[in-house]
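Chain IDs A, B and C follow the sequence of writing; residue 1 opens each chain.
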Amino acid sequence: MNGRTLGYGLTFVAALIAPWVAYPVFLMTALCFALFACAFNLLLGYAGLMSFGHAMFFGMAGYFFGYVVKTLDLAPELGLLAGVLGAAALGLVTGALAIRRQGIYFAMITLAFAQMIYFFCVQAPFTGGEDGLQGIVRKPLLGGLIPTKDDRVLYYVVLAIFLFGYGAIYRFIHSPFGQVLKAIRDNEQRAVSLGYEADRYKLLAFVLSAALAGLAGATKAMVLQFATLTDVSAATSGEVVLMALVGGLGTITGPVVGAFIIVTMQNYLASAGEFVLVIQGAIFVVIVMAFRKGLVGELTEWWRRRSAPRTEPAD
Amino acid sequence: MPDALLRVEGLQAWYGESHILHGVSFEIGRGELVTLLGRNGAGKTTTLKCVMGIVGERSGSIRFDDGETVGKPSDAIARLGLAYCPEERGIFASLDVEENLLLPPQVKTGGMSLQEIYQLFPNLQERRRSQGTKLSGGEQQMLAIGRILRTGANLLLLDEPTEGLAPVIVQRIGEVIRQLKARGFTILLVEQNFHFAATVADRHYVMEDGRVVDMIAAAEVQQSLGKLQAYLGV
Amino acid sequence: MAQVALGLVNGAFYAMLSLGLAVIFGMLNVINFTHGAQFMMGAFAAWLLLTQLDVPFWASLILSPLIIGLFGVLIERLMLKRIYHLDHLYGFLLTFGLALIIEGLFQWKWGSGGAPYPAPIRGGTDLGFMVMPTYRLFVVVAALVICLATWYAIERTKFGAYLRAATENPTLVRAFGINVPRLITLTYGLGVGLAALAGVLAAPVQQVSALMGTNLVLVVFAVVVIGGMGSIMGSIVTGFGLGLIEGLTKVVYAPASNTVIFVVMAIVLLVKPAGLFGQTR
């Protein structure tokens, strides 16, 4: 059994026993953000597109979930579905427009669209405005089979959702689609000259990323039982970028690590008020200046350098 | 040569991982016009860029007026009295002709005045308010050369000034270069067009694979035609 | 009609800020997310100068941009300079992080509430169709003057020629003997100073608060996408124009006034992705 399989195995076992060791709601929140960060990273690491407005998918999906489950009083499965589909639809519309520019402009456009969604949410009646959607009851899943009111039980549901999302990303990356996407990211002109419609692939990646971010957002609403303006704010968009950055852009496990670190940090610093922003900003700065590969990236690099065979100088 | 204005010894240069120059050595005396000949990829432009300080990684020795310049940044080198006319001409699109001409600052006294430059290139004066890149190829080349005459630099680095130009314009540029030499400028010329180079140069250095492999004085050119043909693949 | 005129006031700030962003982007190829925070610091500097040192508005108009501009120079020298060789997105992330730090610190120290700043010009001016607070009229005129002066400096002066040339081909400009790194630092400092100047002008119009920058900069990004960052005049026209449109929307259909600029951005992206005055993709 090689190191990596062992690593995955241990992590899986840890994940299974986690709710007896740590506070389940904290774990679930971290898992939701981990999925969110993975969805973001799919777009950035594999399509080369940095979205600075990903909160719009995360937050809106939460609102959709809340609306379906609380206001329309339907089953939570439908709520999750509504979140995913709603986010995907939003992704299709905004993505089609944002993809028309690249790089920095793309980032600014996604940021601007997210602001638009934010303002919409402030005013739209169904979101509950400044108060948000509160008190979303945890209804049992699978027609009553799974009692979601128990945090530990819900944890396994959320874990399953997370693994589903993570698995979807993994399958996508290693599929033919994923390979083409990588080729486009590395050398778009060449890919286009080979006959690939780059924009279509990018849009597909964007919609997928939006849908998964929506899954994360809807699940979070299910766990924490509310959806508020913070979830669609620029701050949340910035947070997910930070998570992916801290963990390591373009690595598949990085965003998960980053999400756990940031959520833990937020928990500890909850009493510090606005100072959290300063810390977050400082982390951004430090990483960009010194640790661009993120935690996972830098560790992988360090490990590789350690295990590289030493070459003897030529005589 | 005891009083060389420029002396290059053992110059090596890299573009990232590629090792382009493997030890280039040559020298230019004051008032001389010297050419670097060679096929595509021999390293002529890279050598010029190294002298000007534009190439990132270089080692060896470049002495200008008996001062070491190999480690200096390009703006410091320019201020010592060197000026560069790049192969792609580098005319600024967002500036008009006169702004292009006036852009390089005066680094020493003794440069030509704007009026004198207009005398040398009358058609530039006609089009002084045109956007730089709206000029024809030949006019842009003249603008690129004219630009560096105002600065007071005494060593001019010209990279393929006749490339892609009509024979009439090539002739005109040859006249201009001879006039500049007569005025006392020292010139290092990179050329693929050997016939043009032969009409203006005092000496020719031949480059191959990042090294200087031969030097042919103007007087010896006739006898060395066979050798030159082999070097340049003409 | 009054709303439209007041929209011009907003437009004045959009124009000044998108101008600063465009100038910085042109030279440094960095989207200065910190612009909003620097705008806010400009306003705060004026407020602090007034409340702590009794420095009047007119002096702050000069002092504040100088102080904040110097701060910008420091940022460029210590941090931005080291990441130019990287993908532009890193510049965005760095300036975003800096904005968080600055705004977080100001919020932590002074809270998110606003502090009022007394208008240096009292009273109103009768424009015929409305009576406009004279100070706001002054802001519009001042902004126009500042923008046009900046345009003139860039398009018609020797220094502007250096800037334009260095934006196009910094290597060659350096090979002519011009200290391009210093020019870049100076440009960033000037762009930041411009943001701070806008902040000082804004102080009497809206409350001086730690959050005044972020709210604005996100809209300015949309303005910048709409205008394209290719031309100085383009940024000015787009800024004022969008302010007018926003004002008009307040009259015609008030709830959309927050989002109309983003809608315009969506339309422009559909029709002319490079921006109204933009050139490249």
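The rule is short, and it goes like this: a contact is a pair of C-beta atoms (placed from the backbone, for glycine too) under 8 Å apart; a residue touches a chain by one contact, two chains touch by 3 or more.
The shown structure was predicted, so the numbers you read here are calculated from the model rather than taken from an experiment.
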In graph terms, nodes being chains and edges touches, is this line, ring, star, complete or other?
-> line
Remotest chain, chain B as reference, centres from CA atoms = A
In terms of CA centres, which chain lies closest to the overall middle?
-> C
Per contact tally, chains sharing the most pairs are A-C
Taking each chain's centre as the mean of its CA atoms, how far is chain A from chain B in angstrom?
-> 55
CA centre of chain B versus CA centre of chain C: separation in Å?
-> 43
CA centroids of chain A and chain C: separation to the nearest Å works out as 32
Set of chain C residues in contact with two or more other chains | none
Going through chain B residue by residue, note those that touch at least 2 other chains and give them in order.
-> none
Touching chain C in the complex: which residues of chain B?
-> 52-54, 73-75, 77-79, 83-84, 86, 90, 92-95, 99, 102-105, 107, 147-148, 151
Touching residues (chain side chain C, partner chain A) in the complex = 31, 79, 82-83, 86-90, 92-94, 96-105, 107-108, 112, 214, 218-219, 221-222, 224-225, 255, 258-259, 262-263, 265-266, 269-270, 273, 281
Using the touch definition up top, name the residues of chain A that touch chain C in the complex.
-> 50, 52, 97-98, 100-105, 107-109, 111-113, 115-116, 119-120, 122-123, 234, 238, 241, 245, 273-285, 288-289, 292
In their shared complex, chain B is touched by residues of chain C numbered 158, 161-162, 164-165, 167-169, 171-180
